[in-house]
Amino acid sequence: MPKITRDQVKVPVDVAADARETYIDNYMAATHGTGRLMLFACDQKIEHMNGDFYGEGIDIADLDPEHLFQIGSQGVCGVLAGQRGLIARYAADYPEINYLVKMNSKTNLVKTAQSDPYSPQLHDLETVLAMRENGVNVVGLGYTIYLGSEYEAAMMSEAGQLIAEAHENGLLVVLWIYPRGKAVTDEKAPELIAGAAGVALCLGADFVKVNPPKACEDSTSAENLSIASKAAGRTGLVCAGGSTVDAQTFLTQLHDQIHVGGACGNATGRNIHQRSLDEAVRLTKAISAITLADYSVEDALKVFNGEEDFTL
Amino acid sequence: MPKITRDQVKVPVDVAADARETYIDNYMAATHGTGRLMLFACDQKIEHMNGDFYGEGIDIADLDPEHLFQIGSQGVCGVLAGQRGLIARYAADYPEINYLVKMNSKTNLVKTAQSDPYSPQLHDLETVLAMRENGVNVVGLGYTIYLGSEYEAAMMSEAGQLIAEAHENGLLVVLWIYPRGKAVTDEKAPELIAGAAGVALCLGADFVKVNPPKACEDSTSAENLSIASKAAGRTGLVCAGGSTVDAQTFLTQLHDQIHVGGACGNATGRNIHQRSLDEAVRLTKAISAITLADYSVEDALKVFNGEEDFTL
Amino acid sequence: MPKITRDQVKVPVDVAADARETYIDNYMAATHGTGRLMLFACDQKIEHMNGDFYGEGIDIADLDPEHLFQIGSQGVCGVLAGQRGLIARYAADYPEINYLVKMNSKTNLVKTAQSDPYSPQLHDLETVLAMRENGVNVVGLGYTIYLGSEYEAAMMSEAGQLIAEAHENGLLVVLWIYPRGKAVTDEKAPELIAGAAGVALCLGADFVKVNPPKACEDSTSAENLSIASKAAGRTGLVCAGGSTVDAQTFLTQLHDQIHVGGACGNATGRNIHQRSLDEAVRLTKAISAITLADYSVEDALKVFNGEEDFTL
Amino acid sequence: MPKITRDQVKVPVDVAADARETYIDNYMAATHGTGRLMLFACDQKIEHMNGDFYGEGIDIADLDPEHLFQIGSQGVCGVLAGQRGLIARYAADYPEINYLVKMNSKTNLVKTAQSDPYSPQLHDLETVLAMRENGVNVVGLGYTIYLGSEYEAAMMSEAGQLIAEAHENGLLVVLWIYPRGKAVTDEKAPELIAGAAGVALCLGADFVKVNPPKACEDSTSAENLSIASKAAGRTGLVCAGGSTVDAQTFLTQLHDQIHVGGACGNATGRNIHQRSLDEAVRLTKAISAITLADYSVEDALKVFNGEEDFTL
Amino acid sequence: MPKITRDQVKVPVDVAADARETYIDNYMAATHGTGRLMLFACDQKIEHMNGDFYGEGIDIADLDPEHLFQIGSQGVCGVLAGQRGLIARYAADYPEINYLVKMNSKTNLVKTAQSDPYSPQLHDLETVLAMRENGVNVVGLGYTIYLGSEYEAAMMSEAGQLIAEAHENGLLVVLWIYPRGKAVTDEKAPELIAGAAGVALCLGADFVKVNPPKACEDSTSAENLSIASKAAGRTGLVCAGGSTVDAQTFLTQLHDQIHVGGACGNATGRNIHQRSLDEAVRLTKAISAITLADYSVEDALKVFNGEEDFTL
């Protein structure tokens, strides 16, 4: 299992002196001391509304929002990423989870064809710090930027300020960056994904979540991802999980993203929570086995199939 | 009569420690200690202008705005929801009412065909807290979001910040959420209503007011509502009352919304205040009998007809 | 002469405890202890630019802005309403006038056909409070809202906040509300005027200035106005005076607005200041005789004609 | 030479008590104790970019920005009006000049046909007060409003707030007001110029700079200007100098503007600085001889021609 | 080697008294005591995304963002200009570099044909001051303005405020000014470049980075640049380096810009970092030899070719 020590954490210089230990605490907690991030994405109730939680092929358990917290509690995750309000309603009963507050969100009702995407910050940072002071285990923040949107400026500006202030308070920041808008003809073009990674670094993010780049004639998606990982420099790159696929395919992709693509973790949502609690918990463990403990796909599948357990 | 105790109130973690007792006080007051909300909606003087208060089929008493307060005072309601200014003008004479300050409002003059709806916050929270310090019995706030409007971002952002600050000060928040705008082709589609409920949860609302979803081929409106109620998780869902119908129809719908649809109360305006004071008062009691005391429709009708009284 | 006592003033609950006596002082001063408002409107130098002050049919005295203050000083008015800057230039020489600071204004250069109307707040409330502290006799504020404009939201929001803060500081607020914009086909439709009155109440205004509604097939303008007056509830309704007409017509309309239409005063500008100082002064007295002392039109005309004087 | 005493200065009531002496100091300094303003306009490096400073017919000395300060120092001017940054770079070497900080500016690249004009405030008032505290001789502020622009609201609002705060701090304010935008068909129509003057008064400006109105069938430009001067009331009106013309024409126009048009000074830029230092200095003296000392055109020309000197 | 002493630094009057020594320190450090600026531009990861760092003709070393800091550390530069977040991630390991924080940035995804350019400020100045207090060697700020864009106003306003506050805190400011937008038909027209230089002065910038003007029929680019340098007055003008060309061409252009065009330094990015570390380091030294030590092109080429070293 890859392990780092506290003094190996590259603390950015915008972390205030008196928040340095908190930052390291949060970094070690979120990555389980590995420097790799297993992010359980739970922000779809706004992003995709109820379509991700109810319907054909989705376990009925997913209709109850508490399902997310049960998975977060019983499974193995680095952080559970959700909106402030969602966390506020359940965190008292699930105090052991590492929370990442997703600061902005939009629904999917207005399509890009009608208007370029803009995802507004839902509240200021003070409200999150207040929640942390109330005892909630908040380790970081998330923010989505749609690069190439006509509203890119608004999101860049909100994210840029947020990261500086989050660091000053010892919190991690994960940026979700997706090229999207009338100006973007190919959202998964490798050079755009790599560009997005570099933008995240220049804004000072700790991690950046991108979509896997498409494969090209002479390079696989994971190979293309490796360019993006390098472009991200000291910002860790993690890949979005996308829509639900079978476990073997999913875990193989993840393994490639890390070992070929240089990804430094994963960000998975629907693939996990659309399953029954038991299956979802096993999937988080299989994912974490690869992300946090360098398991092979084969061994991780054993964890998913319940043939062996995975704990940290 | 369903009753909850103070320690059964699920206080969200964004309620400040020193506001916790106030929050519980407000929750118990607004729900009369039942966890169910009977909301008397009195915000139409801006939303629909004078058309809801004067004209054919509307009792002449409704032209005088004090009518609303007389109903609120003599009837049985959980909260009277109205704009800050309206409350400021009458609350001194009706101190016993639980007030919910509707923070944003728009008129119905500009139609969606001309411009997607945006309802601006009319003043900051400080002005409401000042009024509470002046002795007004403010228990919570209301805010309307039009999901799918091109101005969704502005309203999401105002609501998100408002809820955090309201909770910090021990106030409840009820969100009115209506999918509306050029991007929305079917405002009452069940999946949209359920999606709206989930958005309210992610923003941290205590209650969400939605329109009843339409019935589908193989499911009634109330059955569809039950999906939305579950999607709302720990946010209580209440249904808008809509335009005035006869009492039996109205009370039957309400009963179904609660007992089939899983609603946790009602939000009723025109159906109540367009009647004479006496009739309006009796209707609030009949509604409350169902919402707060699990009366059958039949028994509630007796209350409406004045055959028996209902008090708490 | 209708008189009210200090304890009959219905002080709204958003007036801060320590500003309560100031509010009552201002209310009694502005209404000369009658509860009725004689508002001398002097904001047209921005609203209509120089066209209201110079040209055919306008006394040459009106070209000098000091004319307004001479009328305000020698005549009988409740308040002189003008922009902050205008008042700042002359108030030192006319300290006895009750000033109402008109907080927003726009010129008439951009027509509604080009762009829906928006009238911006010209400065914050602090600047007005500072002027009051410098010894200027400011009793209240004015603000114009164009309902149905695409900028309705901005004006509603500015007005809503302003009223709360003005009351907190013991100042009165008069709203000018005009339905106007592409969405408004009939600006003087009775239901719109009544709606505007209700909006003013919900925003918490002390008085609302509306245009007289048009007459309908079976109801006069004044009769239609009576609906609006009732819809305004505890917010006093006053009517705009409109363009200059002969004194008898003007005073008859005013008498009807009060005694049939339930208006609680008048708001008159051009009709007064476009006359010579002497005539203008006599007209303010004739108006005040009706508004503040329930004179008949006949008796008020005697005042206007200089056959008798009117003082308070 | 027209002279006023300190107690003849009409101090507006928004000047804070403790800033009253400063205001009078600034007024006396800017007007050289005459109540008339000789404003040397040096804001064209943004407004017209380099085209006003280099090219055919412009003395090569004008390419060096220090030329402006040399003129200001050696000539006779009331104030040198330029942007904050420009002043910040040279004021240490020219401490004797009275500076008027032009608060907003735009380039001339975007034409009115493409977009109505908006000139943004370049920084807040604090930055100017800080510079005054650093010892710079700042006596006032300037701000441009384009009346009739679709952005009129933004500029009215910035100007309105600025004037109040400037006065509170003892600073003078000069408004540049130009009717311009798609809604304005004749920028120099006399009624628009007079309207602009009235707007300046209502915003509380100390002086307003307007373009000379065009002549009409039966009235000269200066006669039309006299209406505007009266409409400005206690706000002093000065005229823009426009593009460079020969000295005799220029001085004759100025003399008429003051003695026929009622102007209370001048605002001259290009006409001065596009000349060699020596000629420019003599022109400032000739202008000041008319503006500040009621010279005839003939006598002023002698000053310009170097036949006699003019000092204060 | 041109050298200036501390008391020859023209400190602008908006530098606060207690920040004066810091300003001089920063000026001397950034210019290596010469008054000339060698700016190493490292902001392209947002401006041009990954296309400037990976691909044909670009050394593979440039894919790792640390490459920039290695060059900055081993080469000879005045300042390394990059976004706050980028600096925050690496500065702890490269404390000796002089950092210039690029305050705003946009990607190149939305083209001017779709929307006029706007580059938003990514965070406030406080976040930079906090980083300085954490020990990072920040000597100044950078900001890009697109003159002639429909968003010119927003950028002028942000820049204007930023410069005032930066100076108050002893920081230098470099403006990048590019005429761009639908209104601009020839971005490199000499009169526009000279205009941009004057705008920078009026905003108070210490240095302005412009594109080299195009050559005209009877004047070279460098000759045209000399007009712009003069128009900039006391603001130092430096030229953008543009895309990568061979070293001799590049150094010849630079020499002309300084000795013919009056430039007061250079701003070079891609030309440097797209090379291997060793070659890039040598190029920084060759550039600095010209910029800071008045080397001939020939002698500077020897430095680039490694035939002799250049240190300060």
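We call the chains A, B, C, D and E, going by the order they appear; numbering starts again at 1 in every chain.
The definition used in the following text is that a residue touches a chain if its C-beta (ideal position, glycine included) is under 8 Å from a C-beta of that chain, and two chains touch if they have at least 3 such contacts.
Bear in mind the structure is a predicted one, so any value in this text is a computation, not a measurement.
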Checklist outcome for this item: Chains adjacent to chain A and to chain D under the stated definition are E
Checklist entry - Through how few touching steps can chain A be joined to chain E? => result 1
Checklist outcome for this item: Here the gap between chain B and chain C, centre to centre from mean Cα coordinates and rounded to Å, is 36
Checklist entry - Taking each chain's centre as its mean C-alpha position, how far apart are chain B and chain E in Å? => result 58
Checklist entry - Which chain D residues qualify as touching chain E in the complex? => result 43, 45-46, 49-51, 53-54, 63-66, 82-92, 105-107, 109-111, 114-115, 118-124, 127, 130-131, 134-136
Checklist outcome for this item: The answer for chain B against chain A in the complex is residues 10-17, 147-150, 152-154, 156-157, 159-161, 163-165, 167-168, 179, 181-184, 191-192, 194-199, 201-205, 227-228, 230-231, 233-235
